[in-house]
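Each chain carries a letter (A, B, C, D and E) given by its place in the written order, and its residues are counted from 1.
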Amino acid sequence: MFRVLLLREIRLMARRKSELVNPLMFFLIVAMLFPFGVSPEPTILAQLAPGVIWVCALLALMLSLDGFYRDDFDDGSLRQMVMSGVAPALIVLTKAVANWLFTALPLIIVSPLIGVMLNLHPSGIAAVALTLLLGTPAMCLIAAIGMSLTVGLRRGGILLALLVLPLYIPILIFGAMGVNAAAMGQSYSGQLLFLAAMSVFTVSLAPWAAGAALKVSLGE
Amino acid sequence: MFRVLLLREIRLMARRKSELVNPLMFFLIVAMLFPFGVSPEPTILAQLAPGVIWVCALLALMLSLDGFYRDDFDDGSLRQMVMSGVAPALIVLTKAVANWLFTALPLIIVSPLIGVMLNLHPSGIAAVALTLLLGTPAMCLIAAIGMSLTVGLRRGGILLALLVLPLYIPILIFGAMGVNAAAMGQSYSGQLLFLAAMSVFTVSLAPWAAGAALKVSLGE
Amino acid sequence: MYSRFTITAQDLALIRGDRLLFKHCNFTVSSGQVLYIKGANGAGKTSLLNTLTGFIEPDNGAFSVSPENHFHTWLTRNTLYLGHHTGIKSALTVTENLAFYAHLRGVTKPDFTSAIAAVGLAGFDEQLAAHLSQGQKRRIALARLLIEPVALWILDEPLVALDVDGQAWLCGLIEQQVNNGGAVIVTSHQPLTLNCTVSELELAGVGNV
Amino acid sequence: MYSRFTITAQDLALIRGDRLLFKHCNFTVSSGQVLYIKGANGAGKTSLLNTLTGFIEPDNGAFSVSPENHFHTWLTRNTLYLGHHTGIKSALTVTENLAFYAHLRGVTKPDFTSAIAAVGLAGFDEQLAAHLSQGQKRRIALARLLIEPVALWILDEPLVALDVDGQAWLCGLIEQQVNNGGAVIVTSHQPLTLNCTVSELELAGVGNV
Amino acid sequence: MAWTWFFRLGSPKWFYQMSLKWQPWLWFFAGSGLGIGLIWGLWIAPPDYYQGELQRIMYIHVPAAYLSMFVYVVMAVSGAIGIIWRMKMAYTVSMSCSPIGAAFTFLALITGSLWGKPTWGTYWVFDARLTAELVLLFLYFGHMALFNAISDLKSADKAAAILAIVGVVNIPIIHFSVEWWNSLHQPASLSKLEKPSIDSSMLWPLLIMIVSFKVFFVAVLLPFIRNHILWRDRDAQWVKQEVESK
């Protein structure tokens, strides 16, 4: 079942390859805004880099999410899936996995590049990718809850941000802290551990909450 | 005609007052992410503040835009308006004005608060509101062009960001520069002048471009 | 009574994707006439209406309207087009929806209450459109036909989602429009029982390019 | 042939907004039967189907199915529900759309080509659904009826947007399902010409709470 | 049946009428508790050895902070009851909690920052507990925003309840943040297991304040619930009579 659902997501994504690139572009462009907005000074940039990379990744991830559910809601696909006996929690999980594969993974891959562009200290570069790798699953799943709650609403997009971003704050803090520590040459395994724990925690609980929420949204 | 169109936007907005608050919340929350991500150190924050405020305002503005057009496109209202003899440029202009009133203006009003939270130097606080006041009209109108081009596409949201953000960069640079100058006690009338010029320029040209784009999007 | 007019379509051809939907398509519609466009699913009826309203450019041919010169300005002033998406906003009430379009059209003293009652929505005046059923939503759009006095109605499957009474009522309304000197271009897969002259245009489907 | 079953609705009542749509509503549907739900626009037909499929909670009453115990699991295994939104993805081709639902349902060796031909879309197999007309899109959804062997069809206005041939074809298909021991719950404002026993349920509209 | 009281609580009409009877008593207890606590705390209790008179903010800050968390738990639990037992009243209670909770969270944030300026030298630092408390405020806002955004009442109830339940993870984070991360904020000074690290001359007024804040919460909650009941059942006959009789 999961395979069938995931295959469909992959096929849909393949139809619009440009959308694979869009979140990446968003990530790059918003990250580039900071040198313009704050200061192009390399030392200042280096200080900013961990936080800016994390915040931008987080926004790109959240914004790309919208389309993942809304299309399927609007054309009735979500209802049809539920009526075909697919558990809502499974639908949500698939969406989250697809979101991670198509949005988070590319972001993780280019994140070192942005680190370099923002003059991050070389020892922090690997940490950027690593913290994102461990933190993004939790973010995708938390976002899935928010998305399931707001999918029935027109213009739910920004309400979604309101619901989800506060819950991202702990992840963001630890992610950026980890990169900072790495950039200063310290160990950052504690932060990685925390991120991994968060991801495991949400993977095991969030689908249920999101599934229940999806059921409610479909009801309206 | 303009009055009828604007009244409708106001009425629609009044129906969902919560949406007035949402971009504001987004602005506040994203601005709060930076202290978590980068550093809660007051002196570093003060340095960041102008850029961060401007980038966040810009994102909040751009994201709120989506709903302004997409709803009307999806339910056929845009077509009906054009078929009732309303010039597309006028539709776009109304949307931009509404977007400015309902999103930009509240942002401008709370921006000093965020300045205080990010520990911006007191002499920069007024400049934040002033630069935003002069820069946002241009941003709303540029976004209107992007929106008109992408409104027919599902998941246009992030593509919109790609089209529009690069055009925002000059505005961002001058806006943040203005605030920076003010925070350091220097005169920033040059930057204000530039922003005002940008806004006048776009107000006079953008509606035509956006109107033409809208026609194309409706055609499909 | 509307002033007399005649719309002419000359030698239209349209290709969508890799299919030629129609070619050498000619028709005229004048005041007091109904043009009933027929054809199987996918024959190109909606596409033809979209070329007429200017949202798709035909690959050949053109439209003209006889006492006037510029077709498109005439069209936007004198046409009401109702297709699959009706432009009714869920977040507005029934009356607000109608009032908006009436104002755009510059209708003086529109009588919303009686129009709403006529389409069978009496008592729903202040309801949000979102809270109405499929057929009721379409009825809001149909109420515009009563409020906005325009000469040409372009109706793409107007009977869809209407109950039996609604269908009969709409047929009567079309007759009335024709008797008033207006014209109606309509497509429908449901039988239209009209007591007036109806000219038919059959789109047969030409096939691949 | 499907195994025998009987669905019973007992003493249903539903309030939406400030309107009581129905109360004391009882019905049964068994294998080999058609239940035709009638009523004017806004009577509550779609809402009733939504309570049946579990998307809306009724304010009173419940459903049950006779040889089994748990109604909802039975329903998701044995029902195909087609409403206004059909769950056909514009970005997928006709075949891909059908294949997805067939796989979810676990159909072994589904024959897409003949099903697509049967609904009159032969030659459109590899077309994106986005590039089809309104009626053709609905036909894709109807092709699922041929591919997925489920006992109960719930069809909310299935004739909408179909051309005359399509309507006749679908009526024939419903008869066939009933003869195979399935059951069909259907609403329609267009006349259904069925050669089998049809029980009718009229929703009269009860009015304000 | 031992459970009848539980289901009777589920009847909006019964609850409405009963709560009107309870109301004066609640106001009385809340008022006298707050009065005694405030007088004791602000005038009678000794000033702190280090912080002097400033420390008296504590008698507002700590009860408000506790209550902000307590209200959230009430909100989530009643939301869960609504989902599990399909009780309309539970949703009503849940929805009535969020504006009050937001107000107390705001109070805790304000008193905290006023206290922070003299003690830490700044109104605001991005410290774990403070952040988590701010997240709590956003959660309350989100709860209200989500409920208002969904037009169908039944769906809105359930969606808001799910959000409330999900947000509960934030509560232990607020509480334990001072232990998990080294922070500027005061570690727990009241603990059931050990002897409180705070002098009893300050402890008593503080405890009185904490308890009477809770009573005050219930006293404020009831009018909110009644309002909500009236709004929700605005078409019911008894509501119309009730409104006319006023």
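Everything below uses one rule, namely that a contact is a pair of C-beta atoms (placed from the backbone, for glycine too) under 8 Å apart; a residue touches a chain by one contact, two chains touch by 3 or more.
Quantities reported herein were computed from a predicted structural model and do not represent experimental measurements.
Between C-E and B-C, more C-beta contact pairs are found at B-C. Using CA-based centroids throughout, the chain positioned farthest away from chain A is C. Averaged C-alpha coordinates give centres for chain B and chain E that are 37 Å from one another.
Computed centre separation for the pair chain A/chain C is 46 angstrom, with centres defined by C-alpha atoms.
For chain E, residues that reach two or more other chains under the stated contact definition are 131, 138, 141, 145, 149, 151, 154.
The multi-chain contact residues of chain B, meaning those touching 2 or more other chains, are 16, 18, 22, 25, 29, 32, 36, 71, 154.
Multi-chain contact residues of chain C, defined as those touching 2 or more other chains: 84, 90-91, 128, 131. Note for the complex: chain B touches chain E at residues 16-18, 21-22, 25, 29, 32, 35-36, 40, 42, 117. The touching residues of chain C, when paired with chain D in their complex, are 16-17, 39-47, 84, 120, 127, 131-136, 139, 157, 160-167, 189-190.
Interface residues of chain C, counted against chain B in their complex, comprise 53, 55-57, 76-77, 79-81, 83-92, 96, 100-101, 103-105, 128. On the side of chain E, the complex with chain A involves touching residues 83, 131, 135, 138-139, 141-142, 145-146, 149-152, 154-155, 158-159, 162-163, 165-167, 170, 173. Against chain C, the residues of chain B that register as touching in their complex are 1, 4-5, 8, 11-12, 15-16, 71-72, 74-86, 218-219.
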